Amino acid sequence: MDISLIINNFLNPPILFFFLGMLAVFLRSDLEIPQPLAKFFSLYLLMSIGYRGGTELAHSGMTWEVATAMLAAVVMASVVPLYSFFILTRRLKLTVHDSAAIAATYGSVSAVTFITATAFLQKLEISFGGHMVAAMALMESPAIIIGVLLYRLFTTTSPNQIEFTWSSLSNLFNAGKSGDSSEHQSDFSWSELLRDAVFNGSVLMILGSLVIGLLSAGGPGEKALEPFTKDLFRGILTFFLLDMGLVAARRIKDLRKAGASLVGFAILIPLGNALIGMILAGLMGMSLGNALLFVVLCASASYIAVPAAVRLAIPEANPSLYVPMSLAITFPFNIIVGLPLYLSVLKVFWS
Amino acid sequence: MQPVKRIEIIMDSTGLGKVAKTLENIGVSGYTVIRDVTGSGDRGIRPGDEITDVFKNTYVMTACPAEKVSQIVEAIRPILKRFGGVCLVSDALWIIH
Amino acid sequence: MQPVKRIEIIMDSTGLGKVAKTLENIGVSGYTVIRDVTGSGDRGIRPGDEITDVFKNTYVMTACPAEKVSQIVEAIRPILKRFGGVCLVSDALWIIH
Amino acid sequence: MDISLIINNFLNPPILFFFLGMLAVFLRSDLEIPQPLAKFFSLYLLMSIGYRGGTELAHSGMTWEVATAMLAAVVMASVVPLYSFFILTRRLKLTVHDSAAIAATYGSVSAVTFITATAFLQKLEISFGGHMVAAMALMESPAIIIGVLLYRLFTTTSPNQIEFTWSSLSNLFNAGKSGDSSEHQSDFSWSELLRDAVFNGSVLMILGSLVIGLLSAGGPGEKALEPFTKDLFRGILTFFLLDMGLVAARRIKDLRKAGASLVGFAILIPLGNALIGMILAGLMGMSLGNALLFVVLCASASYIAVPAAVRLAIPEANPSLYVPMSLAITFPFNIIVGLPLYLSVLKVFWS
Amino acid sequence: MQPVKRIEIIMDSTGLGKVAKTLENIGVSGYTVIRDVTGSGDRGIRPGDEITDVFKNTYVMTACPAEKVSQIVEAIRPILKRFGGVCLVSDALWIIH
Amino acid sequence: MDISLIINNFLNPPILFFFLGMLAVFLRSDLEIPQPLAKFFSLYLLMSIGYRGGTELAHSGMTWEVATAMLAAVVMASVVPLYSFFILTRRLKLTVHDSAAIAATYGSVSAVTFITATAFLQKLEISFGGHMVAAMALMESPAIIIGVLLYRLFTTTSPNQIEFTWSSLSNLFNAGKSGDSSEHQSDFSWSELLRDAVFNGSVLMILGSLVIGLLSAGGPGEKALEPFTKDLFRGILTFFLLDMGLVAARRIKDLRKAGASLVGFAILIPLGNALIGMILAGLMGMSLGNALLFVVLCASASYIAVPAAVRLAIPEANPSLYVPMSLAITFPFNIIVGLPLYLSVLKVFWS
């Protein structure tokens, strides 16, 4: 494996500022990024990557490669929560609600991990396609819906003895109708879930920017936004990762509650997902850059879209499990170790 | 000065729309909202430093005549059940101006 | 612990300067201010999402001895008349430290 | 009329992001621009346009063209509220206070509409003079003062039977003196009104930046601010319009209260004002770019300076009438339909 | 509805960590925090417009059973002595949900 | 003295925006920079100057010149509070706690004054070394610690009859142990002070960015951050100074409490410190640019790091003395008059 790649990634200003954020928390410093700025940086990064992805996609057009990549993305986002859920309930003996929430977390994706990966590729001058942004956007929501379905299916029946009876399936989709269902279910509304999963602010921002990029590609508007979307990109990513370092470090103490097995899960599942992603990427003949991005998407875990939807759809799930796992373990692991690791493995097979 | 009841509700920010609509349906058109409130309760600590606004609380206060209290409380209770939070009722005098 | 009156004033942000000056003139030098408060009242809903800070409320709370209440209330009343808002008075105990 | 101009304007990223904002509200998404950022973007845009206007004005100097443009601006800002007021009270039977507030709204200007128009011209490579920024700044306050004068004149006498007696006029300017005037008037202070109308944050920002641009033109400082004032301009405008889309869409439901006649007013009055603006611009021999900006200023309505002053000076006026009219109708109408419409009409006569 | 005591603490933001830890040690796991509160008191006016967050207050409110009050007050008193601020205790009813 | 230099500095956009901020307060305008933005601008400026200083330091290496400059910085930061304290207690008859707080204020430095000075030098095309940023970072904390030591030493004994007995010195360092010490002292903890003085958010940001700049110098990351750290620099400095103008003007009324002698102190002590700084810079043979920066550091007073630490370590000290002195007098004095003044004096001797 290419050790210089890891060191090189490590000495990258955005990654170093992530460590500075963690250090600040350990030193009990009062360093803090004002919250409205952190929120704006996140919107900026989504807008920037979405818009650029859209213009690039407009230039490349809807090819076979583009279509298969998107299909693979949706498939992975739907399959990962399924096997994650069974590992969590059967092996790790977690409750149904926590398992469903964690399964959704790992099936969905982290936009910032993806964005850090694009910056990583740009630094190494490895090209990638704009459609990967679309693939990312498509991966955000399916896992949430699968996770909620799993939760609703197994809160009535035990996960160990599944019986797909007609009534259990119809119960699954009939929300808030009769009085016989348990209390949290009578509060549940599919339209609310869809809204939170699909029209969530961050999903809408990336999808909207992608479409706007598609629509305005080629025109004079395309170049006019460049100083904003391109030149500031690394600087804002750097500041955002500083904030992520602060937030991640503050969540580390929650991991004690999670326990060693969940900490292990938060590293091993991404590795497993990355491996499956690599195999799929190889089978589909993706380019090196696209393959890395696809693998990173498979390996990454959500901490924005999933909590927003899950806290309402799976109210019993404990946020101090699924949030710190993705934020304080999987996220740092992916951007620090994962990126160079996945790339060096891919390089072996792609050359 | 007129005696009124002061109802305070603290719950997940997501619930604000529902609480506001509930109050309006009951005919309580006066209330005050403080957003971006943090805290700790049965659902754990809410540090409010998330990257998004998920896991923040909202504080709602309304001063209303004593006879409306039970109606408001009954309407708010299911929202609190779902979104967590607390509801406190206390006494106050309203300065008529 | 010493019994005090807790006066809460919620009014248009513009009025804050006047309220603060009024309190100081009366000799009340202790008060707490929460800015960027939203709400609803006789003057309609104040969603607080304006591009400027127009149409936001400010919350002011002061704990003071009971004998000052009527003086404060009389001084605040015309400000509320002009800028809208509410004023509530309730009882509390002040922890001497 | 030039349909391609409308479509072209429509496919402009800032306009598309405005629609994305509206869409987010209709889909009940939680997409939101943190309020401190929206406020800063507004200050940035004012600073940027003011500063660049100032440096350009310093280079062009105080010519006859500049002086007449500014004079025309002040005249329009004073006349528009007069006829608007009488249309509102006599035709639409609105109360004096609401009429006065709406009259001030339409006599004053929207800086963001103006800024969007400059971006529109830049994209089409049509030049315009820096003094138009000064003209805009001069148009912000007079309408507010006229509106308040109308209100104070007609709250004692009926608008249908005006009698300009000595006492009514002296009452107008004597605020807070004797006890016989009605209550809200005894609270009124002209110095407060002037402060809110003329030293309002956004007016001061644009005037201050203009003067600073004038003073530092030619020096080395001029170029040093360029990456900030020029390169970021479109990006920040884009984000700001996204926020405007969100805010405008949230105000749309208030329009039900306003009723169809006020909605009609909010589209027809700008068109009328634009027409008068075109005639004036033609008479004064303005260049195409300057003419468009002047027309846009006449057509635009204020939602920042006017509410700030009017809520105190005309406390009975209902903000859920005058704010949504300018924000949710006139503003979108001007930036989406108005800009290309006014330009294509102007082009017919200017070529 | 169950009678509780409503304890409000307003102090320098720096003290929040200590107050939160104190409450947790006593076994009070429910409290609400409002940050970026300004005001005026014995230590002068705190306009809250500093470039950093120095000189801002934080507001903490907890609803707790009456029997916990004296314990909380005793634990909070030294923090208030050091960081300034006030502590008020009042009565309220807690809506059980 | 070079009058054109003063006028030229005065007509600089950042300085003019500082005046615009002050003007807004005098006109009672509602102009306001949202606080989260002001905080972010301050972090941005620290990050930007720290990072660029680090990369430059990496290129120049650790030379003799670098080492002596840093040593001189630490010496000045330790000596200034000592003589300031005795001037304040003996000449101006101030209390021990206020004297100690003001002494710490003037011994420490203002990062924004330093940053304004670098922009001033860049405009005049006078070069300076990246190690001066390190010198600045080193000057932030020592004065705080000296100030607190002075306070703890003299609150038990009178400053006029110092007796360095063994017990007074041991009392100094033993915090919160026995019950015999006065109340505020029993609350005192050295670890808290060190945290507030050395790991304060702004100190950590500049030190961290400096180290990150050092580590990533030469690599491809160095150039990638440039559009963010260089191009935006002046614009953000301009906005930040606008906010400083607003805050400084609001503090001016506090100066009445401070009285004429402290106002005089706030101008004369910086001049004295600047003079000592010039002599030291001459003796060490600093280049013109480095000398100016060193002099500015000596002359500047802290209003970020010092208040953060002092309000806890010297709780009796009155913030409405030491904050307005540095913020409303010394800061404007240094950036408006000081910069051109110090440079023209230096030029006489350096040529």
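Note that the chains are named A, B, C, D, E and F in the order they appear, and that numbering of residues resets to 1 at the start of each chain.
The working rule: a contact is a pair of C-beta atoms (placed from the backbone, for glycine too) under 8 Å apart; a residue touches a chain by one contact, two chains touch by 3 or more.
Chain labels with UniProt names: A, D, F = Sodium-dependent bicarbonate transport family permease; B, C, E = Nitrogen regulatory protein P-II.
Predicted, not measured: the structure shown is a model, and the values here were computed from it.
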item: Touching chain A and also chain E, the following chains; value: B, F
item: Shared interface partners, meaning chains that touch chain C and chain F; value: D, E
item: Same vs different contact residues, chain C with chain E, by half of numbers used; value: different
item: Averaged-CA centre spacing for the pair chain E and chain D, given as whole angstrom; value: 45
item: Euclidean distance of C-alpha centroids - chain B vs chain C, Å; value: 19
item: Interface hub residues of chain A, defined as touching at least two other chains; value: 30, 32, 34-37, 39, 201, 227, 231-232, 308
item: Multi-chain contact sites of chain E, meaning residues that touch two or more partners; value: 34, 36, 48, 53, 81, 90-91
item: In the complex with chain E, residue positions of chain B that touch it; value: 8, 10, 34, 36-42, 48, 57, 59, 73, 76-77, 80-81, 86-91
item: Contact footprint of chain D on chain A as seen in their complex; value: 34-37, 39-40, 43-44, 47, 51, 195-196, 199-201, 204-205, 208-209, 212, 215-216, 219-221, 224-225, 227-229, 231-232, 308
item: Footprint of chain C on chain D - complex, ascending; value: 35, 38-39, 42, 183-184, 187, 201-202, 243-244, 246-247, 250, 303-304, 307-308, 311-312, 315, 318-320
item: Parts of chain F lying in touch with chain D, wherever the complex brings them together; value: 8, 11-13, 16-17, 20, 23-24, 27-37, 123, 227, 231-232, 234-236, 238-239
item: Touching residues (chain side chain C, partner chain D) in the complex; value: 12, 14, 36, 43-45, 47-55, 78, 81-82
